[in-house]
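Each of the next two complexes has chain A plus one other chain: chain B in the first, chain C in the second.
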Partner chain A sequence: MNFQMINSRTLSFIALFSMAYIAFLYGSNDSFIRLYQQSEMDKAVILSGSMAKKLSNISATESLQDLAINLKAKNSNVLDIKILKLSGAKIVASTHIGDMDKSFPFRLPKDQKPFFDEAKQIKAAYKKALIGQFLNPIISYEWLDNNSVNTLKVISPYTVNGRFTGVLQLNVLTEPRATQAHYFTDWLVLLVVALALLHLIEKKQLNNIRFTYFNVTKNTLNSCLYSVVFLIVSLLICFQLVQEFKAEQSTAIEAITALMRTIESGSASTQALWIDRYGQDMQRLNTLSQPVYLQSMATNLHGLMAKYAVHILFALVLMVFFISGSAARTRQAFKENRQAYMYVMPAMLGMLVLVFFPFGYGVLLSFTDTTMFNESLPFSERFIGLDNYLSILGGFNLFKELDGQTIVNYENFYWTLFITICWTVSNVVFAVGLGLLLALALNDSRIKFRWFFRVVLILPWAIPNYITALVWKGMFHQQFGVINQVIQMFGFEPIDWFGSVFTSFLTGLTTNVWLGFPFMMVVILGGLQSISTDMYEAARIDGANRWQQFKYITLPSLKPTLIPAIILSVVWTFNMFNVIYLVSAGEPAGANEILITQAYKIGFEKMQYAYAAAYSVVIFMILLVYGVFQNKVSKVTDMNS
Partner chain B sequence: MKKQFGYLIAILLALVSLMQISIVHAQSEMKRMVVWHAYRGEEKTAFEKVVKNYNEKIAGKGLYFKPLAVPYDAYADKISAAIPRGKGPDVFIYAQDRLGGWIEAGNTLESIDFYAEDKELERFPGSLISAMTYNDTLYGLPFNFKMPAMIYNKKLVNSAPKTTDELIKVAKALTDEKMGRFGLAYEYSNFFFHSAILNAFGGKAFEKGGLVSEMVSKENLNSIEFMLKWFQQDKVLPAEPSSSLITSLFNDGKAAIVFSGPWMLGEISQDIEYAIAPMPVISELGKPMAPWMSVEGLYISKSSKNKEQSYDFIKYLTSQKVALVMGQEGRQLPSNIKVWDEKVMQENPVAMAFKEQMKTAVTMPNYAQMTLMWSPATTAMNKIVKGTASPKAALLEAQNSISKDILALAKSH
Partner chain C sequence: MNKLFETENILLIIRYIFVIGMTILSLYPIFWVLSLAFSGSQSLAITELPVDPSSWDRLRAIIPWPENFSLQNFIDVLTEQQFGRWLLNSAIVAGITTVFGVFLASTSAYAFSRFRFPGRGFGMMTFLVSQMFPGTLMLIPLYVIIVGWLNLENSYIGLVLVYSVTAIPFCVWMLKGYFDTIPKEIEESAIMDGASQAVIFWQIIVPLAKPAIAVTALFSFMAGWNEFILASIFMSEEQLYTAPVGLKFFVGEHSSMWGYFAAGSVIVSAPVVFLFLYLQKYLISGLTSGGVKG
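Take a look at the complex of A and B:
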């Protein structure tokens, strides 16, 4: 056994393991910090809520400034209290040192516009909270870091006689976060365990036994072994971190419960004392026994675990990449063909930026619940897993009740898929059929002015398709459209083309076949011209008629040109946005929407960006499956022929 | 050797370009404030002129405003994408319909209550200020307004009808369906244009500050019945109306009266002599038709580096002097009320007619939820006009669909 090789493999294991460990720590660190911040914020919110309640109950004779000073004296962790009355932008009380010598109330100075704006926003959110549908936080907070002392600024609304009057701003000194120092020892212990495991495996020469037994390459086996060990160790790390997280969580909950008790016992009324940061009385904070608060805590934990899962997966992939020797091979390939890689570099970069990045971003987006409203939230808060896909693929409500009637639910994914398939199949069939017919006609040397017909028949293809689409839309107009006028000339009633599902489908189909047949015609014409005339001659001598010649010579010879053209045309038609959007616009009532126009509607009319992204990924998957399937089929037919 | 020479040249080139950048940098000590707009043609020229005037006014302050025309189709998305990430313009111009969405998304618009003095706001009609207000907070200054009014062919119609009874009488006389002639043409199946009747009947699309969809109300149903009477019984309207159809009918002299906005004026052919008047009073109600008005506002971006100066700039843009330039040279309908007393404006019958229409117009709601309404409302209107569903059923379906979409957005909030 090559000692050098083991050594480098072990080294790369150590490096990867250490990197993974740091990634774990780093990844969970912000979850830990968020937990800490959330509990500190909850404490501050409870405090400011109770103070705002006191403000609301103040009698006319008492001075707000005295109350503020009093409240500050009672709570040692409160650095500053400022009370802003919104009308007139007046500071009515403040314990800020710079404000103490002023006479209250005074107008908010110009440089404090952000405070005023925040108060305004809180007022808006407060009003909405009363309606109770949109959950905008009605209490805002911000971490201020002055000279490494952690200060939390909390702004909460206060009311007088039930009416929003102004806001109360507290600067609260938070308890410092306890930091853990045992990470290095953890890392060391786990590493030693891992290396010992690996050593054991190597020593017992399980390697060789399995190697002969399973008939796999050594590299593969090695990477499997290393991955398993890595997985075990990673799970150990996660387990430990999750335990720590849980412990901190329960400490936080206890601290909050305790604080609430002290505030409740200290006040005259034990009834609703504060509102939570979404303005719903007591719902979140005062019902700790109830699942709401715990649930939000549990979501944090789930988020952490999801993060771990992603980390482990990523690390495993890396590990396999390195240990199986793929990394070394890739490096070697780069080294050997450096010049070639340099040449394709610009194209690769372009693809990366213009194709793969947007594609990857779209896929990522599809796992969130991003809409117009929460775009600016961090990604982890928008992550919802497979919910969008479940809702798209799991929605079987093909019918819906409306006003006592049962009607087809045209927004359902499967209806749209059905229409899309009908659309694609009928388009390709008609376009290929028409193209074939015209190509056969034009290939006949007895036709005069062939060049002229060829040019004319390519024209529909040469005109930008949205112009053609709009022209066709006009032609299908109920009163002024030329088609209905021709129908009327023959004494029939005009047809309301966009009024029913089938006729509306026909409008799109006609337009798209008009747009599609020239391409097919050109392709087939090319194919026809490459068929040698000898074959036809031989067939004629053998006594084959025209149909037999067509069936046994023309069609098989056309296959190599036709199949790629059909594959292309299916993909184009499947995503033919312009024609549907411009001609029938999915009329009536969205029944003729195809998948791509439906995705557009969801994204840019309903503003549900993530749902639209998931829709697009589903479309991509359908086309991918089709492409692979089609490829296989055409290969099989090629072999047969 | 050759290779090394290549490297040398590359390094030299890089150095030179770096130096150039630093030279350019040194030249532009003046701080640049960027203004985004989507104007073209006359509007653009007029706007650039007033910005230039402002820059001359503030010369010596060490900064200047630079107007930048952004293509309209990508405009709103650019703003949504750039500003929350700390990029984009200092000031921008956009209609009020996206206001709510940007505010709900956050980090896009600076509220300007704190800067705006009551006296400064007196120059605007109250309805225009309300278009710029969201959640009782002012987010921009109104710049100009647009809404549909009644445009008629002077050769076919002598004087503008004052009531709908008169309108229908005139329209019936001019309608000949076989020849494709219609007395009246407008996009009645488009909810935006239907709003003129809807508002007169006291109908609404939303309740509770935009949080609840309210499509099926008695008022809404009545307004629809009223419109259907024109189409089905009086038969003065063409089928399947679209903006291009209406323009071409009007240009062919086949539509005597149309309801449309200032955006149509540029497309009317030279041979048509037209006049504009406010929409008529609905005879049954005694109330005038009240179309939705869209108001273009001047907003300060959250990412602006100098918000106070930006406010000064937008305040200047709404001054009487600027309003005159924008009205006269840019052909806009300025929001500054005082400019309408000027002689040049008084002598412009087109502008004055739209200004008359403004008195009865209703500002289009700026709720974020408005964007969710259009598609279901269009579907419902089409069904109603085609007769494939009763007005009540169609509106109910729209209401259910909108409520579902509102909920989907609220959940993510």
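Take a look at the complex of A and C:
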């Protein structure tokens, strides 16, 4: 072996390849285990369903206990069977060793109360499912993990004469999972292949071929070569793992089909609604017919492949980073600017963990269909691509029918966007207008007690804004609020402020303008004081009137202070959660919700986490576009002036 | 007599009327809260209206002056309610946030101001962009990190971490603007005298930047003192509520204890308002110098 070959590039390739390999295995392990558990559960569920059916068909003369013993004898993997009759909480049959010497039926002992509770949950779910036309078993399951032996507990309901009577609990011993042990050799073989390939390329001195037409550097060329080789090898790995996955799948499907065949036809249930041990619907209707079953397996495979794609992409980025020399340059830069990076480090670290990472997590979340109920599923199974965005941006159903009337659909994104824009524009216009007028007035040196006015007029800014919001909410109260008292003082009827779209909008606007004008006033005052009086003097001599002075001197001089202040306040107002949330709460019927409060509502009242995340990403994009646009505009105007 | 009606004077009078009108509007809600706080009752109305109120009764009802003065609301809110405890929680959280936040912001602002290093522009830019991240996007991931991974539910540390870090971008921009105005010559002469980088930062720059650091401190303090959504999510035990969560609790969906709310608001606002008024002129210069130069 040529010693030259072992350079830093090769080393980083080996390291990255090994890491990627481990990541592939680790990442797929999850999917393999789920596949295994799923097929084991399906088997147990089919068994339990068929037994429940037998119970339901039993004639009055037969003994339940005999049937249970008989069933257990037939199925070697069944550990025990327990049958509970819900009325009276009686165990009517049990093959559990501790129960064998008892006479049936006996009352469920106190320490087995959880079993009774589960049975009640099954009953509730059964009743609910009946309404939903699912006339077949509802099954609750629990995966009991004891280091060596896995057992599965399945509970399904049984009926007598079509009426819910009790539940049947099965403890099933699962088949042990087969594990593969050839991982190390795979890794070694592929690594050797990859290195040989790279060696071959380097020996042919492809690097020295001058790409005069493309003008590529050696580093770029290298990163391309290494990436391609890496891509080939990792695709090989993925292909192999996918093959394995498929093989396990077909074994599982075969086993299940075989099981379904052995159970007498007609006795196996074809549909089962799954609930977990908390009685929560698992959102998984297990249709045990083959085509649908295969389809659910196929989605698992898609999830696995999506996972691989992410891994490969990530590894490729790292690979290019190292091979192209960026890593070395970064290290060099770090060495040279050690001190600067040390100073930035604590803040950057914090920002990475608590700002940028959550942001990335949120963006990822927006591509899933995560709600409160399926949080625990692996990411690959929640992934739905751009569906959330399509449903937000593509929902043009601005109007809906209600009791024969056409009304605005306040939950529509475009309505909320419209309200948000109205809200932002009106707030900023009023705040800037008031601030400007006040600043101009207070800039007049003939006004007495200017310091007093300045201090008092700043107060609204100083008070925490959630307090202000709650105070205004109180003042807008229909019956006791001060504002309605004023209206009544002049002999008018009190107004239900939160009852109509426009008045409710006004409550928020009033509150926020009250909060926002001091900031504008102070900023503008600062700007006004920096304008020298000579300019006005000169203008007056030239015969400029008051309006002309304002237009040609005051406004242009204010621009550098005013524009950043306006940009800031647009961003603040656009996301002014507190005022809307606390004053009007989007009343009436969510009509006055702005984007940010709507996102909160979707996320934390409707618990649709992913949809809320997508909504938030849209908000961010709007602000980002606004920021870039505003930046361009102000740069252009700066150049012109 | 004629002189009074000259345009200049009329304009001056209009200005007075406008300024005084706005002053009254600014003060009214504040007095309204004060009169509820000192009224000693939980009612939202300043006075009890008779069944058939005259205009005079109505006028009385809008004058923000309590019918009878009483400190009862203040005493009750601090003793009978857990508000005292909540205030203490807020003070602890906001206090540590201030120290930690100022440390984080001043060190990195100094680097951004004084050193030229690869990634500097990018760093400043990402800080700016992070200000546009909607809070609703961050809530769930933050909950996962703080409660799920770091196991900091019902702990001051979780809140402190989040508050001080989320306040960083704004503080860094402000401090950087101020650091830029400190002449470099001061540092250079210190280097000539043999001072180390750490000495320069802690003993020269920080003392010189006192006003800006005071504003940063105020901002970090307010970030911790006024926040209620994260606090209500991270702190599930009533014992550990912060003051804002508690105040919202008083006038939330299921209760309307406006007297307690008003008294609590006065207690919560007072320190912030005084600090704010004291530091406001620095706040403006910080805002404008940081924002304009970029």
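We take it that the second predicted complex is superposed on the first by the 400 of 641 C-alpha atoms of A that agree within 3 Å, B and C clash if a C-alpha of one lies under 4 Å from a C-alpha of the other, contacts with A are read in each partner's own complex, and residues count from 1 in each chain.
Note that contacts are C-beta pairs under 8 Å (C-beta built on N, C-alpha and C of every residue); 3 or more make two chains touch, one makes a residue touch a chain.
Since this is a predicted model, take the numbers as computed values, not measurements.
Using the contact criterion defined above for the overlaid structures, shared-chain residue A:L313 touches neither chain B nor chain C, since it reaches no partner.
In the superposed pair of complexes, A:I458 makes contact with chain C only, with no contact to chain B. Of the two partner chains, chain C is the only one that A:V523 touches; chain B does not reach it.
Set side by side, chain B and chain C differ in how many residues of chain A they touch, and the one touching more is C. When both complexes are overlaid on chain A, the residue A:F498 reaches chain B alone and has no touch with chain C. By the document's definition of touching, neither partner reaches A:I14: not chain B, not chain C.
Within the superposed three-chain model, A:H477 lies in touch with chain B and with chain C [touch as defined at top].
In the superposition on chain A, contact of A:E587 is made with chain B only, not with chain C. When both complexes are overlaid on chain A, the residue A:L442 reaches chain C alone and has no touch with chain B. In the superposition on chain A, A:V625 makes contact with neither chain B nor chain C. Residue overlap on chain A between the chain B contacts of one complex and the chain C contacts of the other covers 474, 477, 480. Residue ranges of chain B in contact with chain A, taken from their complex: 80, 84, 101, 104-107, 110-111, 113-115, 134-137, 177, 180, 208-209, 211-212, 238-240, 244-245, 307, 368, 371-372, 374-375, 379, 382-383, 386, 388, 390, 392-393, 396-397, 400-401, 405-406, 408-413.
The touching residues of chain C, counted against chain A in their complex, run 12, 15-16, 18-19, 22-23, 25-27, 29-30, 32-33, 43-46, 53, 55, 58-59, 61-62, 103-105, 107-108, 110-112, 114-115, 117-120, 123, 126-127, 129-142, 144-145, 161-162, 164-166, 168-169, 172, 197, 201, 222, 225-226, 228-229, 244, 247-248, 251, 258, 261, 265, 268-269, 272-273, 276-277, 280, 284-285, 287-288, 291-292.
Chain contact summary for the complex, chain A toward chain B: residues 89, 110, 113, 116-117, 120-121, 123-124, 127-128, 131, 133-136, 369-376, 382, 402-403, 405, 411, 474, 477-480, 496, 498-499, 587-590, 601, 605-608, 611. Across the complex, chain A meets chain C through its residues 330, 333, 336-337, 339-341, 343-344, 346-348, 350-351, 353-359, 361-363, 365, 434, 437-438, 441-442, 444, 446-447, 453, 455-468, 470-475, 477, 480-482, 485-486, 488-489, 491, 514, 518, 522-523, 526, 560-561, 564-565, 568, 571, 575, 577, 582, 596, 599-600, 603-604, 609, 612-613, 615-617, 619-620, 623-624, 627.
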